[in-house]
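Which chain is which? They are A, B, C and D, in the order written, and residues in each are numbered from 1.
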Amino acid sequence: MSATTSSPVTLQTLDVPGQPTPTPELEDLYRGFERELLIPLWTEIGDLMPADPRPTATGHRWRWAALVELARRSGELVPVGRGGERRAIALANPGLGGRPFATPTLWAAIQYLNPREDAPVHRHTQHAFRFVVEGEGVWTVVDDDPVAMRRGDFLLTPGWCFHGHHNQADTPMAWLDGLDIPFAHYTGSTFFEFGPDEIADRSSPARSRSERLWSHPGLRPVAQPEPRPSSPIAAYRWEHTDAALADQLALEEEGHPGVVEPGHAAVRFTNPTTGGDVMPTIRAEMHRLRPGARTTTRREVGSAVWQVFDGRGRVQVGEREWPVERGDLVAVPSWAPLTLTADTGLDLFRFSDTPIFERLHADRVRLEGAST
Amino acid sequence: MSATTSSPVTLQTLDVPGQPTPTPELEDLYRGFERELLIPLWTEIGDLMPADPRPTATGHRWRWAALVELARRSGELVPVGRGGERRAIALANPGLGGRPFATPTLWAAIQYLNPREDAPVHRHTQHAFRFVVEGEGVWTVVDDDPVAMRRGDFLLTPGWCFHGHHNQADTPMAWLDGLDIPFAHYTGSTFFEFGPDEIADRSSPARSRSERLWSHPGLRPVAQPEPRPSSPIAAYRWEHTDAALADQLALEEEGHPGVVEPGHAAVRFTNPTTGGDVMPTIRAEMHRLRPGARTTTRREVGSAVWQVFDGRGRVQVGEREWPVERGDLVAVPSWAPLTLTADTGLDLFRFSDTPIFERLHADRVRLEGAST
Amino acid sequence: MSATTSSPVTLQTLDVPGQPTPTPELEDLYRGFERELLIPLWTEIGDLMPADPRPTATGHRWRWAALVELARRSGELVPVGRGGERRAIALANPGLGGRPFATPTLWAAIQYLNPREDAPVHRHTQHAFRFVVEGEGVWTVVDDDPVAMRRGDFLLTPGWCFHGHHNQADTPMAWLDGLDIPFAHYTGSTFFEFGPDEIADRSSPARSRSERLWSHPGLRPVAQPEPRPSSPIAAYRWEHTDAALADQLALEEEGHPGVVEPGHAAVRFTNPTTGGDVMPTIRAEMHRLRPGARTTTRREVGSAVWQVFDGRGRVQVGEREWPVERGDLVAVPSWAPLTLTADTGLDLFRFSDTPIFERLHADRVRLEGAST
Amino acid sequence: MSATTSSPVTLQTLDVPGQPTPTPELEDLYRGFERELLIPLWTEIGDLMPADPRPTATGHRWRWAALVELARRSGELVPVGRGGERRAIALANPGLGGRPFATPTLWAAIQYLNPREDAPVHRHTQHAFRFVVEGEGVWTVVDDDPVAMRRGDFLLTPGWCFHGHHNQADTPMAWLDGLDIPFAHYTGSTFFEFGPDEIADRSSPARSRSERLWSHPGLRPVAQPEPRPSSPIAAYRWEHTDAALADQLALEEEGHPGVVEPGHAAVRFTNPTTGGDVMPTIRAEMHRLRPGARTTTRREVGSAVWQVFDGRGRVQVGEREWPVERGDLVAVPSWAPLTLTADTGLDLFRFSDTPIFERLHADRVRLEGAST
């Protein structure tokens, strides 16, 4: 969305095909539009209706090391409590006019808790998840179900679930928060409520109750037969994700289908009550590239954020390419051509707004090259 | 969305609960955030996560008479042709920073064609409709199917259908265009293509082929059994809409259910292949109030635009109320309380972005009062 | 289903490939099976798992003139009232062992009411419809909504709706009843309740309330937004069906798509809340053939019953062909090759159990020839 | 379905309310019906439209020990090969007229393979599964994917997948086969094809390829994003089922929801691409009762077969109750009241035709008592 918003109709469009000849009468007409809060299509159509998506958001890489250092200093200077609610520091896409939005629809932030610190209980309609690139010791308590957070885990807080976090450890912990805050903000669909002052259940089980009910492959409790908008699984554990990716690559070696493309395994986190995405607005996946693998260049409608989980490689978005390593984050705008290259074996977490477009029949994908 | 977008993090938030104490160290930290393109949640949470939706778009009324006069003058000064594509003049919501957006998701414009004039053929992924508050003589040709436009008709151009218009009459014609341009623009999902230079079929049948196949109540062609994302009916004719509304009010008089609330009939335009909304992002309805009727005050997630089709009354959005008459348009932001009052019998056309929220399980409605 | 059901295991299968050599030990084993209520697959597999469906139901034609005459005599001898409930006389497929089943899943009967006679109110989970090949004067009252029955109308009584009929005329009336009685009987899913002793609303409106709410093309009442398992339209009127078929043939003449195949128009009756079939187990359609047209020979999984509405022609099912005229009925078993030939223009009503197979992903169609 | 099918219309119905008075004219009319292949509703309605389902199938128990012994003797006398295809011996419900049908819709059989023996490759539209109550050593090869069979495993062969079995062990193996053969037979929707003469892949991996791709909780391969009619998981392993049941009972002890009712845990095997049942016509579940637990008496539309996996208890169907132990099977007709009582801890496998009724909106459940 354009950051310069003044003077909606100007005469600078003179020479553009399809534009009227500038005259005093035309100028007068345009002033009339302004008085009546009107704007003609013919001056805006190039911006509004390009041949292909032309987002103002840009591809950008953030270094995890820098984020962690700033988060650590925030841990010294900024308390966590009611009002501020979370010590979360969000990626601000350079094309989005200084808003804390990784893309027009997605929020991505590093969240940081000091040893023995709490983040207070609240809920909101925005859908949230956590992804843990390193560390452990925090439990996020989702609707009174304590959920351990450990490296590699993907953890859900679907919209309107109460949740607070508490660090049980003597070390600080930082992780990635992902939400659909920008989308909800833009569309005016945000509700928020404070929860109780105290986290009710401070126990620290290795598995959440949600996992005990729902994380058995292909099985669901007979007592809960209905589909749900969001997944009931609060934690997708690294051991399962890792095994699934390893299995795909092993199948590839044996000559069987399964991988996305040669040397590139990927699993999607899903809602076991529907087989679809974990939450209505957010898709989440884990990708694994063999050392040296390079993905087919791909464009798709909708934006995404990638985080390196392990290994080193390069991420190319359009004309720009960045080296990446553990924890680094890259925002990928809609329809931007994306290519991943693995120097070592490379594991990447990805989240995107694709479910929005699929549900609205507006999804499109274009593969532009061939993998090596 | 905030129009002032500079200086994302400031120290003006000092006294807000949950904010850290301003110190040189904090100032230094905030400068570090800016350097790294980061923004903390704790300074933004009030804007991003309000208790209820707090859209920057505002309620506003546009007078049809003023729109028609400006469109007429545009007809004199602005040609229609390749490049500008359409002589369409869009409502610019005063809260949206000078963009041609009636609401954050919806485009609403008056389009105007001089006698015997053409608007060239193109297609785009944005979904479009026309609603005719007065006049006739134009045929919109959708995927080579000529569709007559007459007062009261609601006409579809679903995304990616080629379409051009031509005025067969010796009088100009103006109508309402509705599209999801702002939503597609914001989310970066816009594709556009020029069509052939000439409109292929310039015949002027009273009924389009789409109506002959699809506008028989409860019947569908056996040869086309699949559901479609958008309705195959190109024109919903006023005679049917009028009869449906009259039937609801007659049933109410006889003591049977059917109306929305006392004195308030309403029909939704639907996709006969699914029973759902006409297009993935747009809901369209026609409402009829008896003289003197007043609707229950209603808030809902998502924004809408209303146009008076006939009669006189008042539209209240939040604290503001406007008298309205034929053709007048009112933008209603998300969650704004809306009340309609009919002085005479009052027919209103409404379109909204509700399908987006329903498909994402983010829809909410709150009825706040009781109708009189 | 085989009508001879005794002696499940015999030694007559000696020479069949895959069968064991008959010996006293084998005979002894088979007696052991019988004692324990067991039957081996190997003796039954030819019947149970043929290469293609091999139904015991057969194609058969019933003459409407004969049905009407027997119904008239029943009108003299058999009262209508509680217990017997309906003066309905069902087609008994010669392959189904003397049960009143037109096919394994479908019931088709002529129902007959004398002048001024009532059929009492009841309800059942079986889905029912009426199709009127001639006559008028009866109102069927469905959940207290009086629905006029006239030649060409297709009328619904979805499962568990209370319904009774009363003849307002001084002439008798006969019509076709279609239900899923055999399917419900076979699967053990039948519930039944008597209604009040008297039909509550004996008024005789030309249009039912259901039509006034729901029979406007592409429109639905805003007050009733949910999908429903069965169509809320109680009556699909002949004028609409006739116009839709005429439109398809006219489009064909103009060179546009719409018909099923050359000279063969067809519309499906649908549930406007879903775009799908009128009731969960029953598909209903109206077909129109131009004089001289001949359909492609078609097999499909699932059975159907056809009734000639107007004109004369021939119906071929497998090796047999019958001449047909107004009112004649033909049962078509699953996977039987069907060909229709029109001597005059030919209108045919069709109902089938196809929705069962589509919902279970068991539908298949094979087109075997080409139409002339 | 009634086994006595001759003489459809008789005069024995004289005294039934709603039946006509027997007279020579009536007798003559009834003979007319027979000549024209017609049967009146009024003589059949009590059978066809009872107040509640009145299936002819009955509750029955089969002893596993007897089945295994007969299967063993079949292993001596009956070869397995082309034509007979399988050494499978089916339960024949005593109410179903000597057909090899456990219920009107479900087939349940013991299948038996001698050491080193093969069952040849074929495919059919009927959906099939295996459940292993004891033993191991057989691999079922489903679309060339070898799937190990071990005690407690639930294994799928969805319709139209090629499959053959081979016993790699020096001991025979027997297991339960479940299919929808009776339903497919009744509705005439059966297709069958022989496969290659030899099983292509005779390897014996511990995990099938399908499990490696699909049996990771909440994860799916990105390369295969579409929903499927049947589950892609070929084997649901006992270790997962057992853990899920144990987790439910542990949650119950801790005071959290999850079990069906006190002392009664249950999981449903599901299709991970939809969250629904494993195959379109078959539901499969595993139930675990604590020692001494007793289920609420339950009726539901649709029929089921239960097999004891471990422990001892009693199964009551209507007025009859049977003691059961490992391997014993019980058929439960539609709407028959079912109560389970556990003497020891009791694990039971259950399969049913419920998906058919749910998809047709004909499902009903009635709970009649309270568990102890």
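Definition applied: contacts are C-beta pairs under 8 Å (C-beta built on N, C-alpha and C of every residue); 3 or more make two chains touch, one makes a residue touch a chain.
For clarity, every value in this text was computed on a predicted model and none was experimentally measured.
Visitor: Tell me which of C-D, A-B or B-C has the interface of A-D again, with more than half the contact pairs shared?
Guide: Selected from C-D, A-B or B-C as the counterpart of A-D: B-C.
Visitor: Look at the interfaces C-D and B-C and say which one is made up of more C-beta pairs in contact.
Guide: C-D is joined by more C-beta pairs in contact.
Visitor: How many Å are there between the centre of chain B and the centre of chain D, using C-alpha atoms for each centre?
Guide: 52
Visitor: Compute the distance, rounded to whole Å, between the mean C-alpha positions of chain C and chain D.
Guide: Computed value for the inter-centroid distance: 29 Å.
Visitor: I'd like to verify one number: the distance from the centre of chain B to the centre of chain C, where each centre is the average of its C-alpha atoms, in whole angstrom.
Guide: About 44 Å, centre to centre.
Visitor: Give me the residue numbers in chain C that touch at least two other chains, ranges are fine.
Guide: Nothing qualifies.
Visitor: Chains as vertices, touching pairs as edges: which of line, ring, star, complete or other describes this one?
Guide: Topology of the interface graph: a ring, with each chain touching two neighbours.
Visitor: With touch defined as at the start, can you tell me which chain D residues reach chain C in the complex?
Guide: 1-3, 5-8, 16-20, 23, 25-26, 29, 32-33, 36-42, 44-45, 47-55, 57, 60, 62-63, 66-67, 70, 73-74, 76-79, 81-94, 97-100, 104-105, 109, 124-126, 159, 181, 184-193, 229, 280-281, 301-303, 333-335, 353, 355-357, 359-362, 364
Visitor: Would you mind writing out the residues of chain C in touch with chain B in their complex?
Guide: 209, 212-223, 225, 227, 231, 233, 236, 240-241, 243-244, 247-248, 250-251, 256-260, 266-275, 285, 287
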